[in-house]
Amino acid sequence: MSDLVLLTGAAGRIGTVLRGGLPERGWALRSLDVVPVPDPRPGEEHLVADATDLAAMAEAARGAAAVVHLAGISGESTWPAIRHANIDGTYCALESARLAGVPRVVLASSNHATGYTPRPDGGPLREADAPPRPDTYYGVSKVAMEALGSLYVDRYGLDVVCLRIGSAFAEPTTVRQLATWLSPADTVSLVDAALRAASPGFSVVWGVSDNTRRWWDLSAAEALGYRSDDDAEQYAAALIEAHGEPDPTDPVHARVGGEYTTAAFDAENFQA
Amino acid sequence: MSDLVLLTGAAGRIGTVLRGGLPERGWALRSLDVVPVPDPRPGEEHLVADATDLAAMAEAARGAAAVVHLAGISGESTWPAIRHANIDGTYCALESARLAGVPRVVLASSNHATGYTPRPDGGPLREADAPPRPDTYYGVSKVAMEALGSLYVDRYGLDVVCLRIGSAFAEPTTVRQLATWLSPADTVSLVDAALRAASPGFSVVWGVSDNTRRWWDLSAAEALGYRSDDDAEQYAAALIEAHGEPDPTDPVHARVGGEYTTAAFDAENFQA
Amino acid sequence: MSDLVLLTGAAGRIGTVLRGGLPERGWALRSLDVVPVPDPRPGEEHLVADATDLAAMAEAARGAAAVVHLAGISGESTWPAIRHANIDGTYCALESARLAGVPRVVLASSNHATGYTPRPDGGPLREADAPPRPDTYYGVSKVAMEALGSLYVDRYGLDVVCLRIGSAFAEPTTVRQLATWLSPADTVSLVDAALRAASPGFSVVWGVSDNTRRWWDLSAAEALGYRSDDDAEQYAAALIEAHGEPDPTDPVHARVGGEYTTAAFDAENFQA
Amino acid sequence: MSDLVLLTGAAGRIGTVLRGGLPERGWALRSLDVVPVPDPRPGEEHLVADATDLAAMAEAARGAAAVVHLAGISGESTWPAIRHANIDGTYCALESARLAGVPRVVLASSNHATGYTPRPDGGPLREADAPPRPDTYYGVSKVAMEALGSLYVDRYGLDVVCLRIGSAFAEPTTVRQLATWLSPADTVSLVDAALRAASPGFSVVWGVSDNTRRWWDLSAAEALGYRSDDDAEQYAAALIEAHGEPDPTDPVHARVGGEYTTAAFDAENFQA
Amino acid sequence: MSDLVLLTGAAGRIGTVLRGGLPERGWALRSLDVVPVPDPRPGEEHLVADATDLAAMAEAARGAAAVVHLAGISGESTWPAIRHANIDGTYCALESARLAGVPRVVLASSNHATGYTPRPDGGPLREADAPPRPDTYYGVSKVAMEALGSLYVDRYGLDVVCLRIGSAFAEPTTVRQLATWLSPADTVSLVDAALRAASPGFSVVWGVSDNTRRWWDLSAAEALGYRSDDDAEQYAAALIEAHGEPDPTDPVHARVGGEYTTAAFDAENFQA
Amino acid sequence: MSDLVLLTGAAGRIGTVLRGGLPERGWALRSLDVVPVPDPRPGEEHLVADATDLAAMAEAARGAAAVVHLAGISGESTWPAIRHANIDGTYCALESARLAGVPRVVLASSNHATGYTPRPDGGPLREADAPPRPDTYYGVSKVAMEALGSLYVDRYGLDVVCLRIGSAFAEPTTVRQLATWLSPADTVSLVDAALRAASPGFSVVWGVSDNTRRWWDLSAAEALGYRSDDDAEQYAAALIEAHGEPDPTDPVHARVGGEYTTAAFDAENFQA
């Protein structure tokens, strides 16, 4: 089978991490973004295109074993912008895979698809216990992403894995991220697992490192073959010294979506 | 409180039913459609506007106690058409309510939001056990509708009731509809309940009559105050004589979405 | 010659009537709409497409003997909506026929193309005595439709028959419709005649049953081969009892377009 | 009453003629075009705007006694271009007049609205005997223009005069134009008459000089107050020497629209 | 080599001049405009298309030896109009040449690309001493035109000649034009030179006749092979008698762009 | 005077640097992006909006002392994307400043506006010796940006400073960047100088640190008050060890735009 992966949003933060790590796992990359990817590596294909352009995407998907779809707006924005970049963009990723005969798509979903879900009293929160409860238009777009993925599995027989990514940064910078961090190395491992899992059908899994303070369940991701090698706890002392101990009743810590679920967030982001 | 309801899609099939029945339940109607509503009644306000036009909708919502949003495409279509009419349309319905200070929105969702869900072995299927599993682009748009509704409840404090309507016709015409029929009278009762329920917050309920062959649970709808007065069984003998006894293993009967989940449906609708 | 007819707007009210009746007259149907046509019959082709999408329409028209174009907005609406759906839609119907080599197009025009025309003092009103005098944007779109049809006859040699349909409902529900009703059976007969007439060139005819109270002339339609089998008069007693005798000086009865020509209509439909 | 006229398309050929002549007839001009009008005269208002921009047009129409609408494409073009510039542009001209309370609109229609009409055997052709029979998309747009004008008269009580302009050039340059020429001076006289006529309601008149070879009737234009001072015959000898005597059976001379009705015209204009 | 020239904007003022003169210089013309070119000559190809339609342009450019691109708005207008017609139009002209393998493009730039440039104290102003200094959105579009031309030379190896046209009219009508006039005959000579120059690479030259009062340098144009045969001075006496001697400190005479650089111009053109 | 700066593209790489550094220089920030800016600081205003939305921008600019416009695509992309985001975006930044009465705009131009300019033999390259010579559509958009800025200075009296930024990264990662690096601290210093310079009118300056290997002149930037504190040379040994000594005849080093000017760049970025 081909080991070629079409990577959309390749010039972005997570795309850059995957461009660094996936080749070592044996994947050949075709990196796509609206800007040229910087410093392409030997053997890396790259092209400039808009991921909401179905014709360009169908051409780009040709011959690939999978599409890893990261393109889109990576946080809250206005509805028209989100709807176009994220919802239409996901349709194009899936439809181009179908048109080109690509059997698998990995979608960058987000914890914000279910951001208003409260932290459970007992054990870690399973994906199945976190149905859609978006905290933003961004979160709504991720619910629509998962729904489109589900349709393409049921109707067209593709394999679609949705990663509800937590906080994918070089290192955690807030106390909340002690729970929600997804390290760069684990990002690579998780996507690699999503690419290799045998017949996943439709699967939705949290994207988070095995952090000491984690409260999102990892069994579903591990069932795909994911093993986390990182833990945000090494940053805990410094962050708590700087910001104080987290108050578990603060919505930032009591809900999946953190600050995206606070009234202040809404007020700040949409008013001058 | 005002008893004025903005009804979008008022000239359509369900809109016509509601225009006939809601006034008797004490609601004043402002009926909106892209075509003039035929034969307006005394006291009925009516206007011609596109439900995807936010400015027109915000103007139309002024002074209403609730929006009942039926406008949109009522079955499978092309993605661009569905995305525009149904997803953008729902955003406009909710955003116009927020802008105009309307506290409640009733949304016409559909069983097709979860059409691939199989019939359970045991008792009736509860909404909570039927997360998104759309059978069509149309179904995806209904998942997005419910997600947008959830956001407006959590973020802005509106009350939003989503009715996953079954088969809302004058009478059942297929064997499947013996289970899924929502009679005209029950349509009025259900919307009336959704309008009157005290503080429903975010609620998703099946829209179905109390049919003998029903396998969708009615407790959630009844918790809103709905009482069904009809049963499709009176049509059973004639329909079974014409079409034969339903085979419970046939996908048409074994999945929530019926024929929308069959391969034939897809092949027929998208190829010349 | 092929007996295949491309029917646009096939899922609508008139489309449903024609889907029922044209096959018995020997026509094979390719039914097109933006939603799937319900309950397709054996032998019926059907497809989901937007009639304003020229590429899709040209593909859909391939191999047909005629296009029967019903798609569009079927009453007054906003100018942008009417212009797009009805004027651009008619262009696509005609241009796709030309591109695909289809020699005949039947267009659903309307009495509202000439709605402000007064009832003549003497005998029935002939089409040639009812030049464009639209009562609405909807009516303007029908004038444009007839003009486009005329162009395609004169410039490209197509046969184009425009049916100025009266009131095509299951039965008449207003006193005006005692004059303007076009029964379902007559709808089938009229379209069948338009499809079969030998070399009609460009023809514009009223679409009305042979109602006792009719004041639109039927000779042009009959010249195409149309014979009406219905008369609204059987509904007269009940309707007059309910609504009173028609006042011939009331604009609703004194002009072709009925209530569309009244000031009240304008005020009601465009103001909240 | 105000003597201010909003002139659209003011920088074009006919606009330039009117800018020269209307002030001497006592009209103050507000000249609008998408490019600046060259060499504005003292007292002339001028502004740059797109005549298909309703908001800009409504602003521009404020305080005017009439709109003279020349903007648009002045000959055959592609359908999308014609539809936008000419049909939407006419809607904007009329709707902006209505919004701004301007009571009269003069529209630049064209003989091509009825270009396929044959030359009558007997006396001159009256407008009433030349219903829509367009020869081009351009002609279709003029039929739609007249229909929109008629609607605004019947529905909103405006006065609308449509001028079916013949060949408005500095001087005739073809043999056909010996019949169809409208001289610059007569252009001014005709528009002045359309502006001054008492209560014209809806009026459609030929725009042609009193040419010896004219076969379009002038009574309707004269009923508005128009008097032609020019005759193309002074150019006849030279043109006939250059091009030969016209053959009355040649479509160029036998139909209202001249060369626009010939097969060669279509082939030439739409193929590389 | 082919002697076929694709001429865009062929029905406009300069296009008409070139259609008259280029054939005598040995060029075959394919004349393109959004309206049919009037009175095509024997051997002239002509077609109706929008120069901002890349697909149509690429088709039209096939087999040509050069594109002469005049299409666009020929003076100041609103930003959206200028941006679409002039900037996107230039992209299409160049990209269609590249796609069709046409090696040379002549672009109608304008003195307004550098309109705010002051008249130098000493000798005539060379193009190299007149970098971008636009006086209008129109001028900005010409700067972008030259930049796009430069890119297609450096990146794709085309030859691109930009003509910064002065005042291309039948004859000068203002005192400024005594300096800036480009006569019809010289227009033909200049374009012919731009078409014949051996390997011009990227070249920007003034387009002006050898007027006595000229202050724009002609050496660059002459290096392409251009020889002017006209001088506006023959019109000087009459124009000065009518308008007075030019005041060299008046911005109209002291800056390249003339009246486009005056505050009055801005105020007049953008306010009602 | 207000010390409020509207910063567009605030969530991007350079925006993040400026959000860190400008407050220490005494500027209050209103940070705008299509996504929420992460971790807003006390006193920082922030809002989510699209910089190509003129109405939103005009609202956002209200009360600001200056606009620093970084929003747009930061490298090569497709023409439609570049034209919309970068050219229309710049128009909106300038026009919104004019509408809101903001007297100064700082624009993020780029060395790629003149990327094909060769390295001079003698001393450092002055901006005045580097007229437009773009290497990409991206570069064309920066030429258009500078032209629009020039227009707003000459026509409307704004102050506009264009920064032709070199390589603004945390540290240099290629040998070319030893010459072109603009350090984060110097980025802050340069923008601060552009904000404080007395009456700069229209100014275009390189944005580069005082690197040992620099060949772009700094006098113009220093005339604004800029003083560089960084030099890429500290990274030279490591980069040269990794990549080898630069070959001065390699286009990457011999032209302003570096690798953007190589044929390989074009081939790689636009082909799958």
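We just call them A, B, C, D, E and F in the order they show up, numbering each chain from 1.
Operating definition for what follows: contacts are C-beta pairs under 8 Å (C-beta built on N, C-alpha and C of every residue); 3 or more make two chains touch, one makes a residue touch a chain.
Being a predicted model, the structure only gives us computed values, none of them experimental.
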Least hop count linking chain B to chain D through chains in contact: 2
Given chain B and chain E, the chains that contact each of them: none
Chains touching both chain C and chain F, listed by label: none
Distance between chain centroids, defined by C-alpha means - chain B, chain C (Å): 31
Separation of chain A from chain E, taking each centre as the mean of its C-alpha atoms, in whole Å: 52
Chain-level touch network, classified as line, ring, star, complete or other: ring
Touching residues on chain A, where the partner in the complex is chain B: 79, 83, 87-88, 91, 95, 116, 131-137, 139-140, 143-144, 146-148, 150-151, 154-155, 261, 266
Complex contacts: residues of chain A adjacent to chain F: 11, 30, 34-36, 38-40, 45-50, 59-60, 62, 73-78, 80-81, 173-174, 265, 268-272
